[in-house]
Amino acid sequence: MEEGKVFSQSVQQSAAAYAIIHEKFGTAVSAFDANETMPFFEVLDTGLWPEIALFMRDHAKLKFNYMACMTGMDYQAEEKLGIVCNLESLSLFNHKLAVKVKCARDGGSIPTVAYVWHTANWHEREAYDMFGMLFAGHPDFRRILCPDDWEGFPLRKDYKVQESYHGIKVPY
Amino acid sequence: MSSTALSQFSIPFLMGNNLNAWSEALAGFNLLGLPLGLVILAAIPLVFIALYSLTYGVYGERKISAFMQDRLGPMEVGKWGILQTIADILKLLQKEDIVPTSADKFLFVIGPGVLFVGSFLAYAVLPFSSAFIGASLNVGLFYAIGIVALEVVGILAAGWGSNNKWSLYGAVRSVAQIVSYEIPAAIALLCGAMMAGTLDMQQITILQSGSLGFVHFFLFQSPIAWLPFLIYFIASLAEVNRAPFDIPEAESELVAGYFTEYSGMKFAVIFLAEYGSMFMVSAIISIVFLGGWNSPLPNIGSLALNDMTSGPVWGAFWIIMKGFFFIFVQMWLRWTLPRLRVDQLMYLCWKVLTPFAFVSFVLTAIWEVYVP
Amino acid sequence: MQELDTAGLGSIRVTRKNDHTVVIEKDLATEQMVLAMGPQHPSTHGVLKLECLTDGEVITEAEPFLGYLHRCFEKCCENVDYPAIVPYTDRLDYLSGMNSEFAYALAVEKLLDIEIPRRVEFIRVIVAELNRIASHLVAIGTYGIDLGAFTPFLFCFRDREIILGLLEWASGARMLYNYIWIGGLAYDVPSDFLKRVGEFVTYFRPKAVELCNLLTKNEIFVKRTIGIGIMPADVAINYGWSGPMLRGSGVKWDLRRNDPYSVYPELDFNVPVPDGKLSVVGDCLSRHLVRALEMEESLKIIEQCIAKMPSAEGFNPRSAIPKRIRPKAGEVYVRAENPRGELGFYIQSDGKSTKPLRCKARSSCFVNLSAMKDLSKGQLIPDLVAIIGSIDIVLGEVDR
Amino acid sequence: MSEYFGNIKTGAVTIASGMGITLKHFFNAIHRKGDAGVDDAGYFRQVDGLCTLQYPREVIPTPQNGRYRLYNDIEDCIGCGQCVRACPISCISMETIKVAADDLALCGKTSDGQQKKFWVPVFDIDVAKCMTCGMCTTVCPTECLVHTPVSDFSEFDRSNFIYHFGNLSRLEAEAKRRKNAELQAKAQAEKEKKAAEALKENSGGE
């Protein structure tokens, strides 16, 4: 957190929650990015992500029991794909925290957290459907919104829509 | 046309009290040696049914439901949409007769036919007035209960023959439902038969006639008769697959149940059968408990209302009105209530209606034996 | 004794008496059947497909298949300016367009960090709550249809029609409003609007009671829904449920209360949760009751908003709208309480463009529906219909 | 056992109350709510009775600010093209021709006195595509493009949905274009001439 800058209460709560995680995982997580709109930290060691997730869910002072949202991201400049998870502790604590996990752009893989939060199950499928990153260990890994035989991953920045799909002209 | 036949035909036409003469005259009307009179006599109820099914049944259901739901209902075809059903029938007649390729053609075609025949065969024993009765069987009631079971065969044939999973579900549900509900229905009707001491529908009706009108009806003859009356009414709803027991066609669960695959005239026939059986059970309940074609109005002193409103035409009027009343109640229930679940349906049948039917059976027997 | 459940053979009990004799008892051999429910089915509320593995009437497993209504909302958003996304958000949850717009406007306003005039806030709350009532009316009415009661549905639509008329009067459109803009409103409300809304509140109260007597209190309805599809609170939270679904499981969580936005902190309303007297906490009936009670709370909110509404003098609904909407670089996740739960918008801005780099809609129905597989296990087909109805999905929002 | 009879009783009572409600509505069917719009002061006067209308003859009035069919008052259109850019689904297509200096008077002014600088030979709106979001009408500087409250404009032929608002015929537009091209060529020639002269002068000076 930058020195001398006054943050709102919610950001301070998030910072306190981050401190507990940082204490446990040290360099596996990045520094805390304190900003008013969405305070977050990044998981640097992608393999530890399920462990961090479980820790966040079960630690007595964290109890991030509710995954509000998981967003797939395409960091084209960094040649990476990623997810952003908005976590919070529903009806127990007031802190909210966003977590970013990134993986390689081609064939990158992120371990699944579908068994930590059921919410992640469909969201991970959606992220795969739209961006094409793999989620290792996902219980039901398929596309969800696009048809199974759709080519490409639509939300990637360099996505080119296929010309025809089963004889149907696609770009209308 | 011979002159004697014409005279026989024309004289007693509107004379109420000599109805047997009327019907016998008509029965004796032979054109070119053919028993045309008999055919006309037998056809009158069916003509009525067809007309009723066309105009009142479907149109009435649509209008009643519309008014209950703050809607106008059909308004376009004819004044107040009165010709809507005819337009619908014309549309259905023009439609292509589709038989799914994977369907069992024989069963698929025979299903609606059996259903239709099953529901209309019972009309043979319904006395529409003291003269209009297709067949005055001495086991009329028994026959009516029995013949309704034929519908099950039609539904099963339609459902199985369609080769559609929804149809199959609908058919199986329907069979389970109708077969189960026949038990309380039959026991409840037995109470009525016990009060009458006969199974002849005409006899049951005649036993309920009298100058005091509705007082003579079996429903008011014994203090427990309302119980079998209610039981039979509820069970009859289930037998004709009406709401809240319309689970065989449950549109929100099974799309359209056993007639999912039907279209065009076959669909119309199924529809006709449904409305036919609706009137049939309504007529049975009014015959057994509400005096059939007897006028409900009593003679009050010198004002002989009962006598004034009795006669063959009046008789037909009364039984049809009573039937219509029950059909109205059926529609009223349908547009009020949600649908039961399969297990709840069975619960209602076996754990509520059947025990109560037995209780009412015993109570009626006691009443009949010990109370003169 | 060993119990095997092999697919297609019913349950088989294998009892080993001694080393040589094995007794195999078999229930009536039944065959499991795959039943494709939807995408064209009367009670899947749109184009949802459920592939059910059924054993007689019992559902062994139901797997939802989505995407029949996928319109790549998120890809569209990356190609249009911030204000032009508003009409697209209407089309997410088309039964409560105002609420979706509200959530989106909140998200971009947080990114822009701008102050909104108070009258705008109150009008936003009024139209959003009106739309919430309209949406719940559809939910309750279609739930009636799912369970076979057709009449309540038409009563609901009769009253919803009035709300749509009111919203059309305010915004110019009946369902897809484009009324709540980033930083303001498209127009001020018509002069008589608040009076008419007040009249609607007095009109609607007895109608809601009538609806309750006709449907909610009906014994058949209660028996059809009570104890069906029970979702315990902790599992519901883990599944990410929100809105009436979560409250139906007994968690008192309403974003208008717990993560307040707009002028909701100033307003007095209850967050109805089932107490377990009328229903089993977490079942279909609880969720239905929560929706029914929420309509009354919305009416209360509307009444308070009308009373507190600042005057229209010198009011310009577009006064706070920036000339050019180009937020500084950053990300934001803002959510609002939609009639179906938490509708969140994750927006990433690169600080240079007038188009978002990424705009993700966290759809409440999508998340709520993900529990379908668990909820439907071992239920009867009619119960499955009751469960889908109680989830109250709008496929426009599920598939986006 | 008491639960058993209790269930039967509540069942009977609630069914009866439900039937009472539907019967009340059945008898209320003699009233009709009428087709008053929501902006009518007496909108909530009649609350019971039939609420549906027979559509083509009776309609719910759309309010004055109803956002339905697009209409462009081409006399006021200055051809700025903001609506084309604002439309999220690009259902407006537009072509403009710059007005020659001597034609400005002929082209005329908008109703609020602004000089029009473009001819608009093509202003087509595909109302079948239009999603009535109102984005184009809010950016229009002269407020000539408006949503009208006409909600029913169905057609049998899809091509009828393309509304042409351009106020020049094809030949007129061609003439204007040719005139512009001539003017441009003239200007170009003049420019070249001037340049050549300048070049000559320059070279002459050397």
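Labels for the chains are A, B, C and D, by order of writing; each one numbers its residues from 1.
Methods note: a contact is a pair of C-beta atoms (placed from the backbone, for glycine too) under 8 Å apart; a residue touches a chain by one contact, two chains touch by 3 or more.
Quick caveat, the model's predicted, so the values are computed rather than measured.
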item	value
B-D or A-C, whichever has more C-beta pairs in contact	A-C
Most distant chain from subunit A, judged by the mean position of its C-alpha atoms	B
Intercentroid distance (Cα basis), subunit B paired with subunit A, Å	65
Euclidean distance of C-alpha centroids - subunit B vs subunit D, Å	58
Whole-Å gap separating subunit A and subunit C, where each centre is the average of the chain's CA atoms	24
Centre-of-Cα separation between subunit D and subunit C, whole angstrom	32
Residue numbers of subunit A (touch at least two other chains)	none
Residues of subunit D whose C-beta touches two or more other chains	15, 18, 21-22, 51
Sequence positions of subunit C contacting 2 or more other chains	151, 158, 214-215, 218, 220
Pairs of chains satisfying the touch condition	A-C, B-C, B-D, C-D
Residues of subunit D defined as touching subunit B within the complex	4, 8, 15, 18-19, 21-23, 25-26, 28-29, 48-54
Residue ranges of subunit C touching subunit A (in the complex, touch as defined)	66-67, 70, 72, 74-75, 78, 110-111, 113, 234-235, 237-240, 251-253, 258, 330-333, 335, 342, 344, 346, 348, 358, 360, 362, 366-367, 370-371, 399-400
Complex contacts: residues of subunit D adjacent to subunit C	7, 10-11, 14-15, 17-18, 21-22, 37-39, 41, 43-44, 47, 51, 60, 62-63, 65-67, 86, 88, 131-135, 138, 147
Touching residues on subunit C, where the partner in the complex is subunit D	76, 80, 83-84, 86-88, 151, 158, 161-162, 165-166, 168-169, 171-173, 176, 178, 186-187, 190, 192, 196, 199-200, 202-203, 210, 213-215, 217-220
Residue ranges of subunit C in contact with subunit B within the complex	33, 35, 41-43, 57, 144-151, 154-155, 158, 214-215, 218, 220-221, 223-224, 380-383, 385
